[in-house]
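Presented below are the structures under discussion, each in the form of structure tokens.
Both complexes shown next keep subunit A, but they swap its partner, so subunit B is in the first and subunit C is in the second.
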Partner chain A sequence: MAEDRVHVTIDGAQTEVPKGTILWEAAKDIGVDIPIFCYHSKLGPVGVCRMCMVQVEGMPKLTTACTTTVTDGMVVHTRSPEVEKAQRGVLEFLLINHPLDCPICDRGGECPLQDQTFQYGPGISRFVERKRHFVKPVRLGPTIDLDRERCILCWRCVRFTSEVAEDNKLILVDRGSESFIGTFEAEPYVSNFSGNVIELCPVGALTSHKQRFTFRPWELQQHPSICPHCPMGCNINIDVRDAQEVIRFRSRTNEAVDDGWLCDRGRFGYDFIGSPDRLKTPLIREDGTLRPASFSAAYRLIAERLQRVAAEAGPHSIAGIASPRLSNEDLFVFRRFLRDSVGSESIDYWPRPEYSIDSGDSAALQTLDSALTSIDRIDSAALIVLIAADPSEKEPVMELRIRSALNKRSAQLVDIGIHDVPLSGKASAVLRFAPDQIDGVLRGLFLAAAREAGSEEFAGARELLDGDGPVVLLYDDSFPDIPQERRRDALLSLAYMVDNLRERRQVGVIPLLTTSNEMAARDFGVMAPNDSGSVWGEPLVDRLLSGDYRAALFWGANPVGTVAGLTEAVEALDFVAVSELRLSETAGLADVVLPASCFAEKVGTVTNTCRRVQVFSEAVPAPGMARPDWQMLVELSQRWDNPLSYASPEAILADISGSVPGYAGRLPTSYRRVGPLGVAVKGGGVEAAE
Partner chain B sequence: MAFLEFARGLKVTLSTMLKPPTTIQQPEERRVLPERFRGKHALHRYENNLERCIGCFLCAGACPAECIYIEAAENDPNNPVSAGERYARIYEIDELRCIFCGFCEEACPTGAITLEPVFEMSDYERGGMIFDKAILLDPPRPQAVAAET
Partner chain C sequence: MTRVLSDEAVAAIQAERGRYPDPRSALLPALHIAQNEVGWCSADAIEDVAAVMELPTSDVEEVVSFYTMFYEDRVGSYVMEVCKTVPCAILGADQIIGHIADRLGISPGGTTPDGMFTLLRVECLAACHRAPVMQVNSRYYENLTPERVDQLLDLMRRQAELRRGQAREAPLPPLIGRVEAV
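Up next, the complex of A and B:
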């Protein structure tokens, strides 16, 4: 037997686990169910609820499985008469003050307290005294309602805010039987991660304010999906009532991505799906106003007008701008439609980084791309470096992963940036500089001359960078705080930094992108090409402003609302077609608008910030006649000489997996084989593991 | 052989002809319903006129015909509809789909819903057979008993 492994016998079954394993985890591994309330694998053990009592041979009294680490030769009984008596007793105690208002409790039906009372409880209560009462519910903050009568004081919520989110927002007020959950000085509970306590609470004490009284768990159907609100790609379940209405998003743990958490932006961001202003039919402009029309009329008009523009001014005068929140299938077909059917290379996505890279700099992009690592590498990093990046803003759950790495594995953090971010407080070294000095600073950390002459501020960061162990660098390549003319230099000096660090230690990078499927937009070439034909050319939106085009397709992208002066430029075009969920500013200027279905209404894949390709499934029907973008593009292409012929999204997936560099050979050709947790394609952890 | 079959059939006809008819001249004549007859649903109130139904969906969950539709809402504490925090803002039963099994009555934790000995339900349209609270709910008592504290 290896030194670091121990044998333990649980209910007669032998198992071997690593030394230091919690007894409850060891039992779970071999399928022995020990009831718990306060223990949670992602939180430190406290042993306050006493539900997990087990009998360990040689110990005089029962012990809690959630605080006991296994020792070699341990023999454990989880179903002995003593244990069962203890479980009945604990449940009877937990219920003395519980209001038992299950019929109106949002947790009723999926409540561990309900379930375990049925399974292990006494069935009766001998408590005849008056229960303790509180005002209920208490509005804790914008997202959470608290019912103190239902709380069993397991501390899970308190531990979440102190150990995971580290904002210490929830606390235990008062002592003993008088204690209750609250916030410090009754301030509102405002946090990026508040929604997680709803799922953590083992009773209905913390419930969602937004979803209050809108559903009962047993009537919901669950559909595995991917959060569409940032490129982190946290895994979710979409819970749907009556196959119609999206009721909530819940986390669906993927250790390689989200570690089981969601941020509030993701968790509560589903209103747009069933919103009444969704487009239900195609619209065609007649006498200045957009009027409902049929798909065939819309397709006919688009084909006619684009073909006329192509004949007059060449196909390249037709610009195509896609939104990087479209699925892989949509983006891939958009690219093929524009290039193969229309014959135009004028393609881009929006919003995108507002600078360009020319062919001479492609080595820098290759450096960064080859160093791309997977999110779970953060866990094993010795050093985490933020470069002008704010994970809390761009990909919030990344913040929790970084905090966990810093706390659990003694990793260290260096924060190199313009201003403080929520994670700055955890940094061992902080390097601040003026916005236009970024390249000097990043290079200066490595240049010998600068190293010697460098200021005191550099010393701390440098010392950490000179250490050993794997480094993970997180950067935001849209460089929002850096003046536009310095952004290209910032990217180049970042690559310089990676190159230098790589000579001494293992380096992984994680770009913090802006929109959910931005990585795929770049990978599939839905980004303006530069002079050498690879991506990162001048943003097409800028060239629209200077009047280089005659017609434009906006596929889900809505730059008109944000880019100054674009309204006039778009109005001056001969023809504009838009595919959208609702009538956006851009769609308001269009000649034809097509109604698109959103991610919850179709099957597809997205590529996350670290190139993990994950599948989402159809949860609700699309409103009216709305269709997936890929389908509309395939139908539209039939009016050109080179039509596309995809019958299903899976056929597109197969084409992606056969033809996109880096995806080829790594991405399976069916959704079933991509699986519920997704697969990493080139760079997404694969290189690093090899 | 065939004749024997014929005679046997005719015997039934002839003997039944002489019995008094079982048909009732509904609605002039009323039949006495069994005590536990399960007919049209009713939603009840407490003595203080608060609705018993708390919109808990348990009846809808128990219903094998899936003919109960509920939307719950939060009570205004100053002007509550039901006892407690929650009430049924919308409560509808599709009586055409109902199989009158009584499971809803059995599931209800507050005794809000019962099946009454009323079977005369008809309409010219299907939509009219979806009974909402206006039809199902007992009228308020003229003299409400003050709420217990």
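Up next, the complex of A and C:
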């Protein structure tokens, strides 16, 4: 034990850290703040800014804390007169070319250079010569503006593109005092992850094109939230001005989920929140036109018409279709409203994948579900397998997690799929197949007959699968490239693969889903079984086309315009009610439209792709009279004989925690206890196997 | 894939790659091969080199931009690279650069409209003992004075006129101030 730990004394305080720890990290662990610009825990040491100079006893000169590995018995001083002189000197040099435009700089107020100059700097500059000048700003790409005069050449952005995103987009051009950040041949900086360099930049050199000159950091209040754009569930802070206006999303590091990164889709995808076309009142159709109305009039009409349909054609002729973007609370109450108040089992979410599987295939689904693992298991995997999956498209930050595992931890990647994806270049073995051959390929990797046949192309993948250590399999849950009638075979083969691998290795599965809260929509039963008892058959939206239904509720779902022929089918219904953020195509056909608040305007939880339940908080008020969906459903249910009685979203959370299989016993009953980083509910097959 | 480099150049780069434990180390010789053939490190040349070297184009561009002896723009027949570092600067490099610039009507980094001369300020040429010094194509000219620069410019122009229409890199007059080759 003692052999892999070392003792170090920093400013008189003793601490014990694992061998190989970087001195700066060791100091941070015991609360000693050493100023840095170029070092970043996620990027590793480079030692170019010279700001983290410290004095190590026995060393003839000062050394950089970010490139020094702690050794046993090391005694370090971070506040000695020599260190302070060095810090003043480094800052004076860094400020030689840095413009004093803090009053108009976006970073002013949250700028490490500003803060550290104030704390450690010399106060005055002796430099009277001309500063270097550049044309500014330069538009680096669609998202980023670069002010080269402010740049202190810390390389963080360059290292991010070469080490983390591995797209090698940003480079350091020229040399010495003339060098600057740029791109190859001044091509635009286009990347799925470009926004991260704004947060990495320790000065105001890389700024958001979208937000430039629109805010000052000290005007903003932070609200912890969860990115709503994919099922990964990256943690964000919503920065709000005057308790009204969403200014930006920033990452709120959750090591178990996002590792501190955001993709551009998430980071810049907030315009919809304050959009002028948001619905502000309920709308009721009168003489063919939707007109503003009160909630009570809207509720009265919905109840009256649905109860009439139920009396005439039975409650199951009322279809309820929810969006998997809704929160756990909304989805759970939608399900209860339909089942308990309305009495209908005709419920589904849209969009969702379609498999022709029946109840007899439940063992396979069970296998996949029991192997569900957590995102951070990717870090310790020896082998990562993509099965017809493109994480970069479905859950982009997963790509960075996989790259990190492949680079830092010598994991290997097998890419089994129909076409190349951005991660294919990192694969140790690639297996390509025609869309209708997926089952043959997945089974062929394990079948003795196929082994003996010894197909050459299988050899590499097979060898890796035969190895040791934990495996994480990622598959695209909707199998978009596989013909519908072959998806059942794909799922069954995948389960077969998991079962086979499990005999020898730890196996974890991560399904890449399509919409942010899709996992909860499934867990809460927002999908009705078909005649054969399976919930995975033809989606309810498609069954609307058959004319078997008389009324429909679309809760955040907008299939009209996407599903062919649906416009006519919806127009033919007796009654349609829609809850939406804006007047969608589907809402445009409704008899009643209710104005919903979005995720940034309410408290609630979402369940991510690996069943981690995370909390988002209310950041801004909803526009006009818009309300949370759960609230509108509870209010609406009062007009039925079996009303719902939730007084707050937390009461719904408690009910979920008490009644949903897999959540019961794992999900705390209050938001405070779910905590800022969320909790994992049922899932984590790796744990189960251990 | 290769667009501007000849098969011979690609083969030469491949051969260089084989000479190093880490093939990436062959980037400098590879760029010299490309520049000798193309005349400068054009974007196409960089892309070709990157493809043969199996490196991102951005990495190659970083190296090209770092070294003053790789040309990021098209250059003239005579590339006059005047040392700008301290010993030469103390002994009048700026005066030499200014003089050449005046004579040719271009500023450092520029090329004469006839495509004959390019003037560049470069990092130390390692001949500080005979500063100020400049390198024209592959030859050193040392202990420079404005008068010697004038002589040299005249000779180079006359030589170019004699050889007009011939090889791109005209041989230089064996003259003034030239000490041992490096």
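In the analysis below, the second predicted complex is superposed on the first by the 673 of 690 C-alpha atoms of A that agree within 3 Å, B and C clash if a C-alpha of one lies under 4 Å from a C-alpha of the other, contacts with A are read in each partner's own complex, and residues count from 1 in each chain.
What we mean here is this: contacts are C-beta pairs under 8 Å (C-beta built on N, C-alpha and C of every residue); 3 or more make two chains touch, one makes a residue touch a chain.
None of these values were measured; they are calculated from a predicted model.
**Q** Should the pairing of subunit B and subunit C on subunit A count as a clash or a fit in the superposition?
**A** Overlaying the two structures gives subunit B and subunit C room side by side.
**Q** After lining up the shared chain so the two structures overlap, which partner does A:E129 touch, if you call subunit B first and subunit C second: first, second, both or neither?
**A** A:E129 contacts neither subunit B nor subunit C.
**Q** Taking CA centres after the superposition, what's the angle at subunit A between the directions to subunit B and subunit C, given in steps of 10 degrees?
**A** The three centres form an angle at subunit A of 80 degrees.
**Q** Quick check on the superposed pair: does A:D4 touch subunit B, subunit C, both, or neither? Answer first, second, both or neither.
**A** A:D4 sits against neither subunit B nor subunit C.
**Q** Based on the superposed arrangement, let me know which partner A:F184 touches: subunit B (first), subunit C (second), both, or neither?
**A** It touches subunit C, and subunit B stays clear.
**Q** Figure out whether A:D287 sits in contact with subunit B (first) or subunit C (second), or with both, or with neither.
**A** neither
**Q** Applying the document's definition of touch, where does A:D271 land relative to subunit B and subunit C: first, second, both, or neither?
**A** neither
**Q** Which partner chains sit in contact with A:I171 here, subunit B, subunit C, both or neither? Use first/second/both/neither.
**A** The answer is second: A:I171 touches subunit C but not subunit B.
**Q** Across all Cα pairs of subunit B and subunit C, what is the smallest distance in the superposition, given in whole Å?
**A** 22
**Q** Starting from the residues of subunit A touching subunit B, keep only those that also touch subunit C in the other complex, and list them.
**A** In subunit A, no position sits in both the subunit B and subunit C interfaces.
**Q** For subunit A, which residues are in contact with subunit C within the complex?
**A** Residue positions touching the partner: 162, 168-175, 183-185.
**Q** How about subunit B: which of its residues touch subunit A in the complex?
**A** 54-58, 60-61, 72-74, 84-86, 109-110
**Q** Mind pulling up the subunit C residues that touch subunit A in the complex?
**A** 43, 46, 56-59, 61-62, 65-67, 123
**Q** Taking the complex as given, what residues does subunit A use to touch subunit B?
**A** By the definition above, subunit A touches subunit B via 101, 103-104, 108, 136-137, 212-214, 216, 218-219.
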